[in-house]
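One chain, chain A, appears in both complexes that follow, with chain B as partner in the first and chain C in the second.
The block that comes next holds the complex of A and B.
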């Protein structure tokens, strides 16, 4: 508990009541949970599931960028790679949803280990470019490999019985399965950020040389956070494949890597709830602006410009500043 | 609000069972409205659907039709969310258009699951009426098989009997090349070779030089979109068509020709299901379309018009909007409209009609804007599409 308290309030900010911050965070999590439990009864479940998957994806990405200080431009590889594996497992091998998601997650972890162990040897823009290069390799693999169905993708992926027992084919039932996975994932990320491991990560982000001189094996920490981030991005991708019942090249395309950066920036990096807000905003724009036709991309661009000009720390970052509490 | 409308329809329906029909139809036009396919589908497809409703005289027949439209940004996940939302919340009865095969297949599967009707005009994949075929889908305008077949067989008959392929190196390009090669060889032509270019490609010069050196009479472009446009531009820089070799586009639309300009596109041979300058009826219809859109219609627009018109006829005939009854009526009724002519809707969902082989005019031959095509041959409806038994559709047996 003391450990969480310490990390919840960064050392440089004077928090008058240090116990308040984790309580505030738990309160927000509880409010979010209540909202998402009630939401399918007044919002469209498929839209909500999409928000949840992208929220987990953005949080996983933000773990790497906001807390590890590593800007990856290839997270689509893990997201999309896992969605292909999970779709293939569910469709061709008849895997139950939880196993398909687990398999996709596992594949993303292995991919993260391979890509991460090479990428973390470089820093800054070189790191970003190495991850982008690997993501492009995964894209071309997905385009060419016979099991991915080329540009048609894997379509008509069945939603099998959960644990082989429960029928969750209906959107609302499936929603709660997705909610459990994504909420669990976000809570896990929260726990990681506030663990001693997360503290070391932040130290490395702030001053890598000093962390080395203090005796930390910096590269091991970087690799670990890279693999964790890739794994959870994979969980999000694997779940998304079952939500839409398809896996396609969109998921592994470099624009997907860009989209997740946009979500994290809009919501606010260095915040826990920022990526969730960013993901919700972007997905809502894609969904509800679809009727505006050609204006949808213009509106997206305008909102991004406004956000960058007015909320440099992201939406949640700015709110956190007003409240004088890290969110 | 969602419940109010059908309730109202039900009540009015009960009150006037003896008189005209009282059916509320919602048509969702889902396509690309901001990206690369916005010109060939986009707002034009909405206009085409509206024209079909007016020409059918829906209001007088007691059928109240409303159009919804949305931009799927060529992304299957966006298309899938919108389609589900339309079917679940907005009581949409039929979705029309949907270019980009991956997005169309996603909507195709959802339509089957929700038991509604899907009229495909913009998408190319012949799998929609092949191994993936569904009783709820009508593939209206064209498909990859018809384009490969039209261009392949008709060109060999015109004397272009040796081919060299420039193929995009992924599944779609390979399929297009394989389909066309088979047709060329079956028609008595020969394939001298093939060169694969990376997808997406930028620089085609070395591939084009190889194709030129092969001495083949035809260079077949087994690619799509930006790749085809780039290849045509670069071929024009090398003066390939002026030197006597023909360039055959296997997936290209009149809007691409318009964007390229006749200088670059001249001499290109292609297959389409519709051209505005075919006969008096198409000219008259295209003029009305142009008055609203500011451009001539593509075959995708013509397909949306023809498909929606026939759908409404089927609703009137069946006296219901139940998907099963309407699809049965669509198959049963003869298809005849001023834009795409006669045809039939087959059991596998393929709609058949005549296809046309065109050559793009040179700037001197063209009399003005949109006067782009010279008619070379007509491929009759019976042979224009893949034979029913070859598709692998399980509904056939």
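The block that comes next holds the complex of A and C.
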């Protein structure tokens, strides 16, 4: 009996752990929600909305990188592409905000299906290059196509009545609409990671050959996660267009693809909350360091170098290691 | 040999890489219920052969059939569904999943799709009991909650067996299961292979003739991409061509 308790104790501790981790995660989500509900009353709402949009974008991107093991270097195509569609729909067709976001999201899904089904045939750096190539095509299309407004972009995008009923033109009112979308999106990603699908995804990330030998048709799973990631990146972009009332080339430019990689890496790619932290940090830097002009990029680079040297697993990854809990 | 006796058969199997004949006209019949070993010195084409049989490579010529069904052009993931599962030389576990989750991933495939990203992974708890039994079978009960990446080499191998067995394959293909192992681990894994061979067929690739001596019913010796000799251990180990092939690599 004593023997059993001795060998049983550590096992018990381990079987108890998986019960507590979801509770911890839900607690963090609750704290984040409370923070973001209160934040617009003491922080600038547009800044917060930018953080939220990028947090969703980074989480969607990280679903692909951190959990699918696929490094896309063309996610700007979905983010920026959806922002054009949503802006155009709101401005030219008078779409209500929720429909404009939905249409942008749908367009990103279709684009994701097209690009994804071709890109997943290649692996590693070649996959990244193929996604980059497609994103460049989307960029030049956006530059040339008449409806995107070329260098000017689509400006003065209206915030129409929500559901055709509610006036949410004011920043603080619009903020809660954005919060609902982005928070919902991040929760959905959390669920995806912890679904049967997410479990197979992790297996493929960990060992693709072995997953094949167990009978999984890995390319189908890769395509599915690619499309989901692209779709949610589109949601973020479509929402951002309504926040800034602008869709521009910045959002389809390759530097945007790079920025989201940076956000995910900085926060920690094998974590749930890392991309949110990374997005908040980068957006805050861009905002508060704006006075430094072109030096922002240099500062960003310096912080990235420091992060890579000191926190190989990202900020949240390192915190998770200290706490001995997956975050 | 009648067709029902043969579970896996290769006829005239050939693989050519840019100007290099890795495997040349190999004929192989694996008898149902046997432990069949494929051995040969370095560069004999064992691994290529193995990858051809498991569909990780496509043969340049020849045909392969499993249970009388032609699988020559099938995808690697599809043969697993037919009941033919392979292992890997570098023990293939999912390092960041727990031991239990590793086995569960294999069981989970029975659900079919698994594209249901909106559902909680709690639906997988239905497989926990069976997964635990598989973990127990290979003596890893105490490590069930441990991350697979943190296991010792021998235990990773054991976990890989548990994962493979969870699919209840009719035919198990083991790629150098003893590679890089200490003597005591070799004995443990040998015993494990023997135990799991009940009601199953096993085809294993090995470098070393001696480790498969007690284990296998039939041994096929490969050299330079071709079958050099075939038979039981006695026959093969006394074959002068086999002795010659191994001289120089220190196994004379």
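Assume the second predicted complex is superposed on the first by the 308 of 327 C-alpha atoms of A that agree within 3 Å, B and C clash if a C-alpha of one lies under 4 Å from a C-alpha of the other, contacts with A are read in each partner's own complex, and residues count from 1 in each chain.
Definition applied: contacts are C-beta pairs under 8 Å (C-beta built on N, C-alpha and C of every residue); 3 or more make two chains touch, one makes a residue touch a chain.
Every value quoted in this text rests on a predicted model; they were computed, and no experiment measured them.
On the superposed chain A, the two partners chain B and chain C both fit, without a clash. Looking at the shared chain after the overlay, A:309 reaches neither chain B nor chain C. Once chain A of one complex is fitted onto chain A of the other, the partner contacts of A:218 are limited to chain C, with no touch recorded for chain B.
In the superposed model, A:152 lies in contact with chain B only, and not with chain C. In the superposition on chain A, contact of A:209 is made with chain C only, not with chain B. By the touch criterion defined above, A:194 lies against chain C but remains apart from chain B after alignment on the C-alpha atoms of chain A.
Once the two structures are overlaid on chain A, chain A sits at the apex of an angle of 140° toward chain B and chain C, using CA centres and rounding to a multiple of 10.
In the superposed pair of complexes, A:165 makes contact with neither chain B nor chain C. The minimum CA-CA separation between chain B and chain C in the overlaid arrangement is 33 Å, rounded to the whole angstrom.
In the superposition on the C-alpha atoms of chain A, no part of chain A is touched by chain B in one complex and by chain C in the other. Listing the residues of chain A that touch chain C in their complex gives 7, 11, 14-15, 17-18, 188, 191-192, 194-200, 202-203, 206-207, 209-218, 220-221, 224, 228, 270. Listed in rising order, the residues of chain B touching chain A in the complex are 33-34, 38, 42-43, 68-73, 75-78, 80-82, 84-85, 88-89, 101-102, 105-106, 109, 125, 127, 132, 169-172, 199. By the touch criterion given at the top, residues 44, 46-47, 50, 143-144, 149-153, 155-156, 171, 240, 244-246, 248-251, 286-287, 290-297 of chain A touch chain B in their complex.
Of all residues in chain C, only 54, 56, 75-78, 80-81, 85-88, 92-97, 101, 104-106, 108-109, 111, 114-121, 123-124, 142, 144-146, 163, 167 touch chain A in the complex they form.
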